[in-house]
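What follows is subunit A paired twice: with subunit B in the first complex and subunit C in the second.
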Partner chain A sequence: MLRYALGRILLAVPLLFGLSVLSFVYVRLIPGDPVTAMLGVNSNPTVVAQLREQFGLDRPLLGQYGDWLAGVMRGDFGVSFRSQLPISTIIVDRIPATLQLAGAGLVVSLLIAIPAGVAAGMRPGSRLDSLITSATLFGLAVPAFFLGTLLMLFFSLKLNLVPSQGYVPFADDPAQSLRLTVLPALTLGLAISPYLARLTRSAVLETAQEPFVPFARAKGLAPRKISIGYVLRNALPSLVAALGLTVASLMAGSIVVEALFNWPGTGRLVTGAVTERDYAMVEALLLIYGGLFIAVNLACEIAQSLLDPRVRLT
Partner chain B sequence: MTAPAAVLVTEPRAVGRRRTPLLTVVGAILGLLVLLTIVIGPWLIGKDPYAIDVGNRFAGPSAAHWLGTDELGRDVASRIAHGARATALIALGAVALATAIAIPLGVLTGFLGGWVDLVVTRVVDLFFAIPSLLVAIGVVGLFGPSLTTTILALGLSYWPFYTRLIRAAVVGIRSRPYVDAARVLGASRLRVIRTDILTGLVPLVLVQTTVLLGFAILDEAALGFLGLGVQPPQASWGSRLAESREFILAHPELALVAGVPIVLAVFAMNLLSDSLRDRLDAKRTG
Partner chain C sequence: MATVVLQVRDLAVEFSLRGSVARAVDGVGFDVRAGEIVGMVGESGSGKSVTMLALLGLVPRPGRIVAGSVRLRDIDLGTLSLRELAQLRGRQMALIPSDAGAALNPVTRIGAQVGEGLAAHLPDLPRAERPGRILDILRRVGLPRPEHQVRRYPHELSGGMQQRVAVAMGVQLGPDLLIADEPTTALDVTIQAQILRLLLDVREQSGTGILFVTHDMTTVAEICDRVLVMYAGQIVESGPVVEVCTAPAHPYTRALLDAIPPLGGDPPEQLTTIPGAPPDPRAWPAGCRFAERCWLRERLGNPEKCTSLAPDLADLESERRSRCHFTEAVVR
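Moving on, here comes the complex of A and B:
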């Protein structure tokens, strides 16, 4: 087990290295240079030169990369071109909000997608299956921000059940914080659930073809026991692996949902950094989002091998 | 035609869903509707989507303005119909770009194998590690938001996933007996690629084109919503959403009108790709 996990981690190292090079090169690809791009063409040349020196942009590329990477290893992503504050402080401040939204969204989507996917996958071709499949195809067509707008209009403006926008840290006022989380989490969860339901359906469908299913049926086990105890349990390893890929839609979804609900998470930073041309920030966010995606998928692969030791042999 | 004998034979339960063709019909009708909007919509409505009429802001639907007017008194129906053209152009451009990268790379790596495969696959893995919306946002950051940038951004965010699919399909086709037969008969590599591999990819590419067109419409709208897509006042479905967002509390109907065409167009693409997948059984090659 340890050997398998170590092997997987070693495979991720070159990927992370490549990602760091890519994020670094990205900022240097900008036509002109980041400081001029930020200040505008008509900016004072002395100020530009001063800023370039301050950000180390006038030094050889390899040296810049080495210093930047060494800093990243220590958790230091440099200084935001825009606000002059350390990037790591800005990002760390935003993480709780994003985690709260992503966590709640993931729970909502699992609660919808797993039952729907299992029900559809256990009886392929049934009326329930075609209903769920059509709903999934429709759900995939609804943009997250459009869904969020509808929910906001209905639940907060018409019924006045929950506040429409805003964020309060959970530690400050738990009840209000949760009330404010309802709509964004519902939006994010509903937006992702069609993907998850599809993945669940195909994993369950595949497992349901295994010979142990008719055997369990012949033994006289209750259908519920077969679908949950036998099929879902055996589909779980491939589901966990697929869940890792869903994290990408979770990240993309949270960027949009945070913009819609004015939620001060890292997703807002992404949009803000690009519109404000804060390239040091874009660089850091690319690396963090990509790194997180790699790490989550790594964790999912290891979890998969714990659930199904056969994976380790392939 | 009936086959009574089939009833007596106990067959295993069908693996796929036995689709009611109803969904395909719905998809085709919706798709046709979208196509009509793109082709004759602007002409049919016959209004200038950029004509500002400040005295007539936020007007409800009327004979003069079928879907009312927006925050600048512009005709909403006309903006949607003209926007459909921009959105269609972006979606087609983005899918064409992704396909133009994915097919050569996928065929090269899947067919040749060896170190080319190893190197390219690592690069694909690397780009795959960045969520596609983030890649798109990154490209917009480089070139600044515009229609051309949106095409580039979406095309570049789809190729890693698409290259993976093509490569897997090529590996599958390469090991088929008819490919071996062709090689034994002395066909050159280029000929095998042209006559066996590329033709074998057609079902997969057809299905993926419809799938990606749907994605591209959604992502164009998402970029527009974030203010990183086509820039107002230029009409597109994404920019229409971005504009309506500012008045969402006072005039939610504008956001609804902006969102519905997107939902219908993408739903049509999803239905069509799903029935294409069933019909062509792209899974067998992909």
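Moving on, here comes the complex of A and C:
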């Protein structure tokens, strides 16, 4: 088990290296650079050249990459072109807000998707199943920013139940912090739950076909016990794996939702950094998001094996 | 004569799919008495599995029981709610699955799994007494070192051991009726013999009536008292096992017996088979359902009666019945 985990972690190293190359090249593929983003297209060429030199943008790409990578290895992501502050400080500042939103969004989506997916998967072809399946299809088609705007209009502007925008750290004012979390978390949760519900449905559907389900019925066990102890419990390993993949949608969704609700998390940093061509910031964020995705999926894979006694990892 | 534990009358099960209706079980009736092992044989699609599921009230959708009655002791199962039926399952009638390896919950330890039945049906049994009961029953079915096995997962047990566990789950609450669904097909011959022995012991010890569903005539001959031969959703022949096997009264039974490869001697050039395939359950033929494949009909010069008139399951001597217009010609 330990050896397996260690092996997988080692395997993540080349993956992260590839990710660093991609994130480095990727931002530079976006037309324009930090200087033109700052000064505009029709600015004085001498000033532009001077700033480019100051940021080191005139140096060969490989050299820039080398310096950057060496810094990253030491945990130093460089300095933001925009604010001239160390990137690691900026990001660390934003993490609590993002974790709060992502966590709440994940809880919302699990609360919606798991019961819906189980209900649909246990009785395929039933009216409830078609209802849930079409609802998820609809949900997949509605973009998060549109859904968020609707929720904002309805719950906050019309019914005045919760505030529509802003963020207060939980430590400062828990009640207000939670009130402010409601709409963004609901939007994020609703945005990813169709995806998760479909994965749950197919995992449950597949497990329900296994011979141990009718046998459990023949033993006279209660339907509840069968759905939870047999179907859901056996679908759990594949659900955990599916959850790992859902993290990608969670990340992407949080970027949109944070922008929409003026939520000062790392997602806001992404949108801001891309518009401003803040190279170092975009690189750092891409690397962190990607690394997080790899880590979460590794954790899910290990959890999956722990949940299934038939899998013994070596 | 022993009391009747299971009484099935005119049972019919239909599956409706996209407008067409398949009557998978069509007017099946039989009894199982206490301490009796009744074999139910037939090829795949003969309706034996659906009959078995109907007894348990577990016909999968879109199938449903459209006619007939099933009585367990003095309870008419048709009048029970789903909940009451579930309480009966596992307690008064239990199933032994065909492939225990696939029927056991792969993520639950053996002990906990055997205990589920106790928890569901004997809620008043103190928790502390469960482990003892579990070990007792596992010992009774001859599982070696039960105190060690209860901690293991199903996949860590051999096929024979898994089947013993399944039998233990079936018999632990002393059911009146045990439905054994090809309990030996997934096992090799020596283990098969052990499991059959175990079923005979169960019958001996607790007088349970056993409905033994299989496609294997040899196993039937080994352990059953009576046999029901099913074909195309109907019982085509029934009677005491020795008589049915030595002097079949229906051409289909005869063909089934002929299809058993002989033991010893040189292997035959070609295995005997029954030509053709069973008819489509969505459109049963008008006359005898076996007519299409019947060797006797051919030998008798294809009498018109076979394809125009559906034969009844007629009483013969000594509890025997056969569904053929020309039973006398089969027996000879």
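In this section, the second predicted complex is superposed on the first by the 264 of 314 C-alpha atoms of A that agree within 3 Å, B and C clash if a C-alpha of one lies under 4 Å from a C-alpha of the other, contacts with A are read in each partner's own complex, and residues count from 1 in each chain.
Following the convention adopted for this analysis, contacts are C-beta pairs under 8 Å (C-beta built on N, C-alpha and C of every residue); 3 or more make two chains touch, one makes a residue touch a chain.
Nothing here was measured: the structure is a model prediction, and the numbers come from that model.
In the superposed pair of complexes, A:R59 makes contact with neither subunit B nor subunit C. After overlaying the two complexes on the shared chain, residue contacts for A:P309 are found with subunit C alone; subunit B is out of touch.
In the superposition on chain A, A:Y230 makes contact with subunit C only, not with subunit B. After superposition on the shared chain, subunit A has more residues touched by B, the comparison being subunit B against subunit C.
Of the two partner chains placed by superposition, only subunit C is touched by A:F215; subunit B is not. On subunit A, the surface touched by subunit B in one complex and the surface touched by subunit C in the other have no residue in common. Residues 210-212, 214-223, 225, 229-230, 233-234, 307-310 of subunit A touch subunit C in their complex.
Across the interface of their complex, subunit B is touched by residues 14-15, 18-19, 22, 26, 29-31, 124-125, 129-130, 133-134, 137-138, 140-146, 149-150, 152-153, 157, 205, 209, 248-249, 251-252, 255-256, 259-260, 270-271, 273-275, 277, 279, 282, 285-286, 289-290, 293-294 of subunit A. Chain contact summary for the complex, subunit C toward subunit A: residues 53, 56, 58, 60, 86-91, 94-95, 97, 99, 102-108, 116-117, 120-121, 153, 155, 169.
Taken in their complex, subunit B has these residues touching subunit A: 13-20, 23, 122-123, 125-127, 129-134, 137-138, 140-143, 214, 218, 221-222, 225-228, 241, 248-249, 252, 255-256, 259, 262-267, 269-271, 274.
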